[in-house]
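What follows is subunit A paired twice: with subunit B in the first complex and subunit C in the second.
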Partner chain A sequence: MQSPQVNMDMQMAWRNVWRNPRRTWLTVGAICFACMVLIFMLSFQFGSYETMINSSVKINTGHLQVQAAGYFDKKNMRRVINDPKPVMQMISAIKQVEAMTVRANTFSLVSSEDRTYGAMIVGIDPAHEPEVSTLKQLIRKGEFLPEKTGSDRALIGSLLARNLKVVIGDELTILGQGKDGSVAASIVTICGIFKSGIDGFDRNTLHIPIKTFQAVYFMDAAVHEIVINANSLHDVAAVKKEIINGLKNIPEGKKLVVMDWDELVPGLTQAIRIDLISGIIFWFLLVLVVAFSILNTFLMAIFERTREFGVMMAIGTTPQRLVKLLLYESNFMTIVGVGLGIIIGCGITGLFQVYGIDMSGASEMLKQYGISGRIYPRLSLITAFAGPVLVWIITIAVAFYPAMKIKKLQPIEAMTHV
Partner chain B sequence: MPIVEVKGVDKVYHQGDTAVHALDNIHLSMDAGSFAAIAGPSGSGKTTLLNMIGGLDLPDHGDVIVDGRHFSEMNQSQLAQLRLNRIGFVFQAYNLIPVLSAVENVEYVMLLQGVEKAERRDRAMAMLDEVGLTEKYDNRPAELSGGQQQRVAVARAIVSNPAIVLADEPTANLDSKTGEGLLRIMAEMNERRNVTFIFSTHDKMVMDYAHRLVLLRDGMIDDDRSK
Partner chain C sequence: MEFQIAWRNIWRNPRRTVIIMIAVIIGVWTMIALTSLMRGMVADMLDRGIATLTGDIKIYPAGFHDDPSISFQINDADFVLSKIANAFPEDTQYASRVRVNAIASNARHSAGLTLVGIDPGQEKGVSFIGNGVLDGRMISRDDKNAIVVGQALLEKFETRIGRKLILMSQDRQNEITSKAYKIVGVFRSKLASTEKQFVFVSKSSAQNMLGMENGVSEISIVLADHEKTGRVAESISTALNGSDLEIYTWKDLLPMLKSYMEVFDGFIVLWFLVIFVAMAFGIVNTMLMAVYERMREFGLLKALGMKPALILRSVLIESGIILAIGAFAGNLLAIGLVMIIAATGIDLSALASGLEYAGVSSIIYPELVLKDVFLANGVVMVLGLAVSIYPAVKASRITPVEAMAHT
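Up next is the complex of A and B:
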């Protein structure tokens, strides 16, 4: 049970907080504002990271890939998985694997009637690709590759299509080098145009069926990548471990490596880290400003009330009790500010979470990772409370200093203070 | 046995190079139930002497004994405890805690003493009744006149059952009629409850009310007479 003494002290503290309503509201407002900004910023940052990871992983790399050792660095098309079947069988037995597909890549010249560009030709499995990536949903014109094997259809990135001045139904000539070193050439018909928002991807990729790829580039049954999605980001590490173990029992396994999305898109985590660090620096500056506003309020309040403290001490109030009173006051102010900040901050962030924020003006670095169009801040327990808790801790810490000054106060000196 | 004894108290204040002898070898003793005034010109040491008796300030030499306790043998927190339980204070002005109502101000000392909530309220209301402020019990100090505020301060000083009440120029900020009202209340308390009162004052009327008048001059006792 709370002792009645505590109640009286709290009551006094609460009334003291509202003695100078304008100053209190200014301080509370500063705390509230800092919390709002922190909640929004953090939610926005987390939302954009999720978008970045998702667009990179979903459009492109998947959670995990099995490749021939050295393929990732050299992109040498001869470093292949010669026989993907046993590897895929092994992987499909892993519980946390959601989907899997194969791909092959090579660089070739692509010519339309009047232009030629270099492009990354990607062989995909039309039946399984949609289970792993969002490519099918990115089709803006036309349709996805038909599932029947060996078709000579192609999907083209919107920017590449614009550069080549081609539309659905137009034919493209592909000219490159086969796996055995001989000239590889083919003609494909555009059946769909996709747009991911990631400029690099839209500007230089052309997708054709894996069977066509294998035939044109003399690959036999070989592929370059087995792309795997786990049930969620959290399962990636476990799946990776199981695949590494599984590869040991497969004849070709020694030559193969498993890479997760972090390794496949090394710039991504770096970009996230840089963004997070600059965010943290900004938060500290913000919280520092609030801390000084609190400090100022408290020093002023104590200065103005020195006489009152003197009288209180003269009639028997202990310095400890005065310190407690002042700490209650700072806590109340902080609670009001932080509480309002959380409510308003979550409200505003929640609104933007529904409607999104237009990011068409995003920087090139962000665009590279799929940040364009609308970003949706992601409100969570962490984003809602991390900032406010930080504000709380710092303001309480700052309020300690003026409160401790009281301990040095002598009643007579305090009472003669004007 | 006297309730207050001041034995050879010296107090020197240093201000820059000059030393001010605020109290110079003061000997004084007061019996329980006194109603005494300390008078003297400005700067004669009245406030300093009251602060010594109240344990708010310590002498350079000599000792103060209140209710049998020797201040020279006590530390700060023991002194604070003694002030809380044995000494009531009425200052010249701004006595009250601004955020507390009249009755809460009177209750506050009992809160510090650890008196139960229900008892606190009853005793505080009874005390306000004695100083004639029953109707104003819920008003904050800012809503009370100067005289009313001083009456609340007297109620607060007495409610804790102190051995002595020290009042430093309690009427200085009041007009003579209000001042007299306050004095009459204190005189009544003195008679009915046998509470010891020691005032400092410039006020002729206060000196007339006092049963004993101690005159200070330059930190020394110039005259001491009882009536």
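Up next is the complex of A and C:
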């Protein structure tokens, strides 16, 4: 239950706010503008991070991987998961897991008729790979590896294909080292050319069916990676925990480790962090400029009413109550501004969230970060409220300065003020 | 006299004037200082891109760019250079190199990388390898089997100086050729990916291994001023007209960087406008207040026969003075700050591996670009005056009767 005095103060403050509507609207406009910009830009930043993580995860690494301990650092071919079956059975029982597949990698010489290059040979499971990565959608010419037959088929990156001067249907000779150290060689026929837009990937990779890989490189049933996608980015931590627990019950489990996308692509989170920090600096400075822009309004609201305050004090209003009144006033303006800012800001952001922002002009740059085409801002509780709360805090802090001036006011002097 | 009146008017309420000036100062300050910091980052990316064996301008044998094979070569680099030497502005440096994709291997590891045959004397000031090595020694001009590798490659291959490294590639006849080199030195680069990508041998040993005689794969030219690239490239291509050589600038070779710089230019304009709009609300409000306070005064002036246009002008002069002082102080602060930071650079090494992902080095030196300073001041002054037209028009429309009725 509010006391009648508080009620009356609020009513008075509200009416005072609208004594000069033009000024109030300009102040509210400044606050509203800052909130809108902050909501939109923060949502945009978070949206681009999610796109960044998801696309870089989808092209290659997946959300999580199970590998033999030490494989990630050394990429030593002999560090394998000898028997992936029980591990995969355990993982498929976890309900937040969307899909998984197995892969094996090694470096080999790849020769066409008149060119030889070194490349990463990746063994993939044609049946499950499309569920985990975007590789199948990246095929620009030819087709994806057939699921059952044609075990000598291969997919090749567009730049590697150009360097090797090969087209669909050409044969390539692969020459490398098997798991046991012996010479491994095979001939494959190109059935598809993929282009991810990430030069390193397109220049350096050749995909062959995992069965062929295991046969050529003397791997038996072993693989190097079990690649897992969770239902969403937010489930990754939970899935990781369950896998770690599950591995304890598997004979080979002690030698295996689980890595999430953050460990698999270490630069990514830091790149995001840098972008976020620089964003925060930018937006903080923006709010500061806004704060000084509206400080004048708050000041004027007091100085032009010196007489009025003198009278109020003379008839017995305490300075504390006047300060309170003024803080109510500035709070009202801020709340109206922040409220409108949140509504309009969320509206605009929501609109772009549906339609996306076409970033094709910046495609070359975004390619490097694994983003392509459109970016969708992502509105969340944090992006909708973090900016406005910052604006609200700074504005109220600014409002204290003029309000405190009231305490120094002498009724007699104030009343003689013109 | 008008200026003097305006000057006195704005100091009738010093607190108000100072507050709005502070808003302008902070705005201009952040505009210029932050932009120069980001320019520094971009310039650093460009410098490093150019130093990573790119150069401002590169001359390739025709066909090499699409098919980087040793079967394309520039047979007589000296002759080509003598033909284009006239096109070089002062302080131009160049280097000719052999460059070929190769496979490096030792007992445990193998990897695909780029074998570069260089003349160490030429590389100084042209590419990062000209700065020398971290450990061991640099290759010399006529080393036969010495190789310099990157720190990251050394670690990946679990090897050290003095050990062997086998390089394998295709020669002029497309035959597989291989040669054992001895690691004599280790270079460091700011990016681990560069350390893994390149290995350096002497030009003569590469030519020998690949059967190129005196041929080279590229001539890289570095100018003292990156801005001149376009013009110099044009005069080089005129000088080389008719020969089977292709000329590329860094804009062709580093398209990512080029588009990054374009996006960045757009971002700066956007950022300036956002900051400006935040300021503009304050400017309009303050000028409106100043105008309404003096309603009686304007009414009196009107009654005495002052033309509305003159009143409009006097209000604009007032806001112009506030903007100019604010912008000036903002410039001074920004330039001061940039100079302080430029002396030491800002160390972002705590975040280094993320920066590397973005292709930026960990210590950033801000770079003041005149264009940005003009743009910031231009936006503030021109648009600032534009939004002041609203209160100024209000002032000029005040009629004596209205003014006298106003208390």
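We take it that the second predicted complex is superposed on the first by the 359 of 418 C-alpha atoms of A that agree within 3 Å, B and C clash if a C-alpha of one lies under 4 Å from a C-alpha of the other, contacts with A are read in each partner's own complex, and residues count from 1 in each chain.
Please note the rule applied: a residue touches a chain if its C-beta (ideal position, glycine included) is under 8 Å from a C-beta of that chain, and two chains touch if they have at least 3 such contacts.
Just so it is clear, the model here is predicted, and its values are computed rather than measured.
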Partner with the higher number of touched subunit A residues, subunit C or subunit B: C
Which superposed partner A:316 touches (first subunit B, second subunit C, both, neither): first
Partner chain in contact with A:290 - subunit B first, subunit C second, else both or neither: second
Touched partner set for A:117, first subunit B, second subunit C, both or neither: second
Partner chain(s) touched by A:105 [first = subunit B, second = subunit C, both, neither]: neither
Partner chain(s) touched by A:162 [first = subunit B, second = subunit C, both, neither]: second
Partner chain(s) touched by A:29 [first = subunit B, second = subunit C, both, neither]: second
Subunit B versus subunit C as contact partner of A:282, first or second or both or neither: second
Complex contacts: residues of subunit A adjacent to subunit B: 4-5, 8, 12, 15-16, 19, 307-308, 311-318, 321, 411-412, 415
In the complex with subunit C, residue positions of subunit A that touch it: 22-23, 26-27, 29-30, 33-34, 37, 107, 109, 114-119, 162-163, 165, 177, 204, 266-274, 277, 281-282, 285-286, 288-290, 292-297, 299-300, 304, 361-365, 367-369
Subunit A contact footprint on subunit C (complex, rising order): 15-16, 19-20, 22-23, 26-27, 30, 34, 66-69, 101-103, 110-113, 168-170, 174, 176, 255-256, 258-260, 262-263, 271, 274-275, 277-279, 281-286, 288-289, 293, 348, 351-359
Residue numbers on subunit B that touch subunit A, as the complex places them: 51, 54, 56-57, 77, 80-81, 83-85, 88-89, 91, 94-95, 97-100, 104, 108-109, 111-114, 116-117, 156
